[in-house]
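Each of the next two complexes has chain A plus one other chain: chain B in the first, chain C in the second.
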Partner chain A sequence: MKIDRRTFLKTAGTALVGSALPVSLVKVAFGAADSARDFTFGYISDAHIQYIKGKDFVRNWDMGLKRSIMEANLLSPRPDFFMFGGDLAQLGMKEELDHGLDIMSSLRGEVHYVIGEHDYYLDLGEYWQEKIGPLYYSFDHKGVHFVVLNSILTYDGWTHKDWDSPMDRMKAMARLDNPEGSPFMVGEEQIAWLRKDLEKVNKGTPLCVFSHSPLQKIFKGWNFWTEDAEKVQALLKPFRKATVIYGHVHQVQYNQIGNITFHAVMATAWPWPYPESYRQAASCLPKLTVHMNRADPFFERDATGWQYINVMDGKAAMHYQLPDNENRSVVYNHRTGYPEDAKYQDYADRVPPQKHY
Partner chain B sequence: MDRKYKFILQCAAFMATLMSCIVFAAPLGLPPVPIPPDNPITPEKVELGDKLFHDKRFSSTGEVSCANCHDRAKGFSDALPVSEGINKLKGTRNAPTVINAVYLKTQFWDGREPTLESQSAQPFINPVEMGLQNHDPILKIVQNDPEYLKLFERAFGKSGSEVTMVEVEQALATFERTLIGGNSPFDRYFYGGDKTAMSPAAIRGLDVFINQGRCVSCHVIEQTQALFTDNRFHMIGVAAHQMPKDLGELSAAVEHVRQKGADIAVLSDPKTSSLGRYAVTRDLTEIGAFKTPTLRNIELSAPYMHDGSIETLEEVVIFYNNGGRVNETDPVPELLSGGIRPLNLTDEQQSDLVEFLKALTSPEFARQ
Partner chain C sequence: MERKSLNLKASLLVLLIFSAVLAMSLSLRAKEFNQEDLERWDNEFMSVVMEGEKLFHSPSLGNNKVSCDQCHPNAANTHPETYPKFQQQLGRVVSLFEMVNWCLQNPLEGDPLAADDPEMVALLAYITYERRGVPLEPGKH
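Showing the complex of A and B:
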């Protein structure tokens, strides 16, 4: 069985990477019965566009977003659409959102946006809604039901406490390990909306939920965490094929909780270390996750990137495009029932990661 | 004659003999030469490889040998921006030096061949290099020429029809494995403990190279040796304007590679050439990425970069100081490697850096 599984994954990984060739001509045969419904979408996230002054923005973050867009524009066959996974801005400023959207405008294809805390806590999403659209919504594509959640809300008492300024609030939420911080949550209002939205969806329909924070609890100190994750998970539980894709963590992460498959996406700005390397608080990094190798800080793009995602039989196969590092593919294995790295999942195949930072 | 003087003379003669023979041990600053188990170095093979390397009959016009573009007098390069093959046909890439090519993990600017052996067979049959249709004309010569009959017999114990391209490639590669150059002023300063081996400007340049210039991150110097390459591929901004602007252009270039094969496609069209490593791996993250070349003997092999587009070392330093741009006002390419950014070096730091680069020349290859 072990060899069968590995062969399956390696074959799946290779075939899919093949689809990256801009030979519009490569035919990707998945062998699935309804492969006509298989499709690809692109996912770019966590650009953290940062305003300095005048017309100056942090070059490194601009370059990361531009690079991923350039690569994405050269992907063939073309993805059906793109997602942006949140944190377009660093401190929620209009300048940052405008500049970020200006860069994003060169991305060829339809884009759906997820809001991140860095976009939100200055004006509580006001400018975002004006320029981009609603903070949570759903849509259908080729037989898959997609839901976008705003998962970076928190307790009203914290959001509306007596801040010196909105920027104070923004900076407090942006700070890691902030003892005065507050955990992310989806909130009752949105959960009620989600319940209603999902009521009309057949439970056999593949479901894919996008959020900025993980809809699972990994590491509280950095808000790799959603306080009411269990409540959202409960609503996804009746679906036979449920996938959650989130940004925020800037690293390869994947997990399986019951029927729900979780995948993180990369940042275009900078990589975070794995919380395991940081001992000040308990970390519940999924055992399934095979770590990325540590980034070489000389190469500013190392361990950043973006991904294209094949949806096959209603489940996601993640293809991480990682300049200056090794590209990774994490593919849902229908046989084992969880996502696996196409190359490194077996312990024998792993390259021990560097864990000191 | 004074006995002491006689002894010195004898030593000198002995050293001269050593120098003219094959240098098996690595010179100061270089690691041991990697030798594949199936192709050990022998003096007979080196002699044969040397002759093959210089034989102009292995081209369709009878005018081009390997040495045309890899000329000992020009640092085993050709002093041209891009190489000229038969009938002065131009390729798209600058001839890389053969000196120390043995240490590279892949061959050609895009690493499309893994070994010196496999690399050596390609230029013969490239239409803009030596222009043969296939390797048959070479085999015809090496299987019948009386001199080659003798040399192949001595080197491989084979002659006539027993000789195939395998032996031709092995002999060429063996000759190239002897073209190693260390023992530069830098090596004597850094590894040999001779603090006077480099000029004060070059010593300051080494500091720029390691620190503010960020050069060392790709052009690697280690504690006991320095290959001045990381054997990786980076998009540093050279010829960014040639790169495919959209999917249509990229698809056309890839189709070109698919139909003609990488070796012929990349040398026949600047746009296809600009794909760099991508032409080999089809990995989107490697579009426009080229192999880090060694910097040893760099003074001997102007002009520079994979397309020979920069004439002098001074201008190369300006290019890097501008963050991978010839002019400060040029646009920043979207796919630029994350290691390349403006360096803010002063004029003095830049000229010191050039002095350091000039201290990487091995005495045996230096221009006389």
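Showing the complex of A and C:
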């Protein structure tokens, strides 16, 4: 076969697109035949945009966020909206939030934001509210009630103690393993608001709550933890279909507590170890969770990612988009009543990279 | 003249024997240590661990303000008990300090440290201390 330059370019172009795009991005799969109420949304989280000096930001974290947006922009059909799950900034600086929002502005679609501790503890959410919006709110979409909580508050005594500067407080909270840190909480004021917000919602309505920290207790040492999680869970208990989706942990986690299904999302910046990898303190990772693969640090984006979520019959199916790794799906199983990994849930099906120690 | 020199030789010999006996007794005594010594040595070690903890959490160890603990809280996922091991990405068996240097040069965009640089020793002391109690498994991936 004779290949002239034009044919070559055309073929090479097709091959490049074919190899660069994961198949799952070509078309979003809708599950049920009667899918009028089913829909998809995208979830990007934990970008940790980090300011160096002048006009410099940490390249690695910029690239993570940019890549997730580039891939998310290829989703077809378009998801109904996007969530950003918190920690847009590393140290809450205006430079970081502005730069992060600048990158986020290339994401095609409506975005709802959840605040993380890295966005909050410099100015207690002031600049965030000015540029992005309220720290907690709710909205309805295609028959699902969505709630966004600010779950990274803590004891007033810690927040308002005699800090040398607001940046000192920010750095103290930004250090994940800080023994002088303080546990996350939703707080009484917001719990009262949530109670009121949920009063008007029919208990058969699917409910989906977004928070930055897990609304369950996994490991206090790294704040994989919300101090008043039980109080929030109690308010979700009357709902037949309740789902909580959280960021902060930079890893695959999922759980079922009574009627509430929990899912964590990946970071675009870097992965975190599972808490059991730290041997000097006890932790409590949900037994259901099949771990993400151990990260290969030589591949910058390995064990980072973003996700799209199919809401089918009011429950979430998480589709983890993992650069340098096989994508994963964790789907609520209506028969067993808990979320399951589509491929690896059985012990016999698990692979060596999923073993953490 | 000769006698004087002999005397000198004899004195030197006595001095030499005396020194040897002294050294022996000192070395014999060095095998003994008490609780106070143990505490002092432990304090010396822990002060280096604490120095390592500071460096591990420092934004100025590298050149881009990224610190080790951002990816490795409590030095988790560093697995000091598995080194030396075949680091498949490098294609050879390495010691942990080489991986620390890999991190300094890549995610931290900084400069490597010599294996016996006090900062490297402190980093390794902290990393290993956070993993205390875990059995050695050299070569494990």
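Definition applied: the second predicted complex is superposed on the first by the 317 of 357 C-alpha atoms of A that agree within 3 Å, B and C clash if a C-alpha of one lies under 4 Å from a C-alpha of the other, contacts with A are read in each partner's own complex, and residues count from 1 in each chain.
In this section, a residue touches a chain if its C-beta (ideal position, glycine included) is under 8 Å from a C-beta of that chain, and two chains touch if they have at least 3 such contacts.
Quick caveat: nothing in here was measured; it's all calculated off a predicted structure.
Taken together through their common chain A, the two structures put chain B and chain C side by side without a clash. After overlaying the two complexes on the shared chain, residue contacts for A:230 are found with neither chain B nor chain C. Contact with chain B, but none with chain C, is seen for A:305 once the two complexes are overlaid on the shared chain. Applying the stated contact rule after C-alpha superposition, one finds that A:323 touches chain B and leaves chain C untouched. Once the two complexes are laid over each other on the shared chain, residue contacts for A:67 go to chain B alone; chain C is not touched.
Looking at the shared chain after the overlay, A:76 reaches chain B, while chain C stays out of its contact range.
Look at A:52: by the touch rule set out above, it reaches chain C but stays clear of chain B. Overlay on chain A (Cα): least separation between chain B and chain C is 5 Å. Residues 59-60, 298 of chain A are contacted both by chain B in one complex and by chain C in the other.
Looking at the complex, you find that chain B touches chain A at residues 214, 217, 244, 246-247, 250-251, 254-255, 258, 282-285, 287, 332, 334-339, 341. Chain A contributes residues 20-24, 59-60, 63, 66-67, 69-71, 73-76, 78, 298-302, 304-305, 321-324, 327 to its touches with chain B in the complex. Contacts from chain C toward chain A in the complex involve residues 57, 64-66, 69-74, 76-77, 79, 89, 102-103, 106-107, 130-134.
Of all residues in chain A, only 48, 50-52, 56, 58-60, 175-177, 221-222, 270-273, 277-280, 294-298, 356-357 touch chain C in the complex they form.
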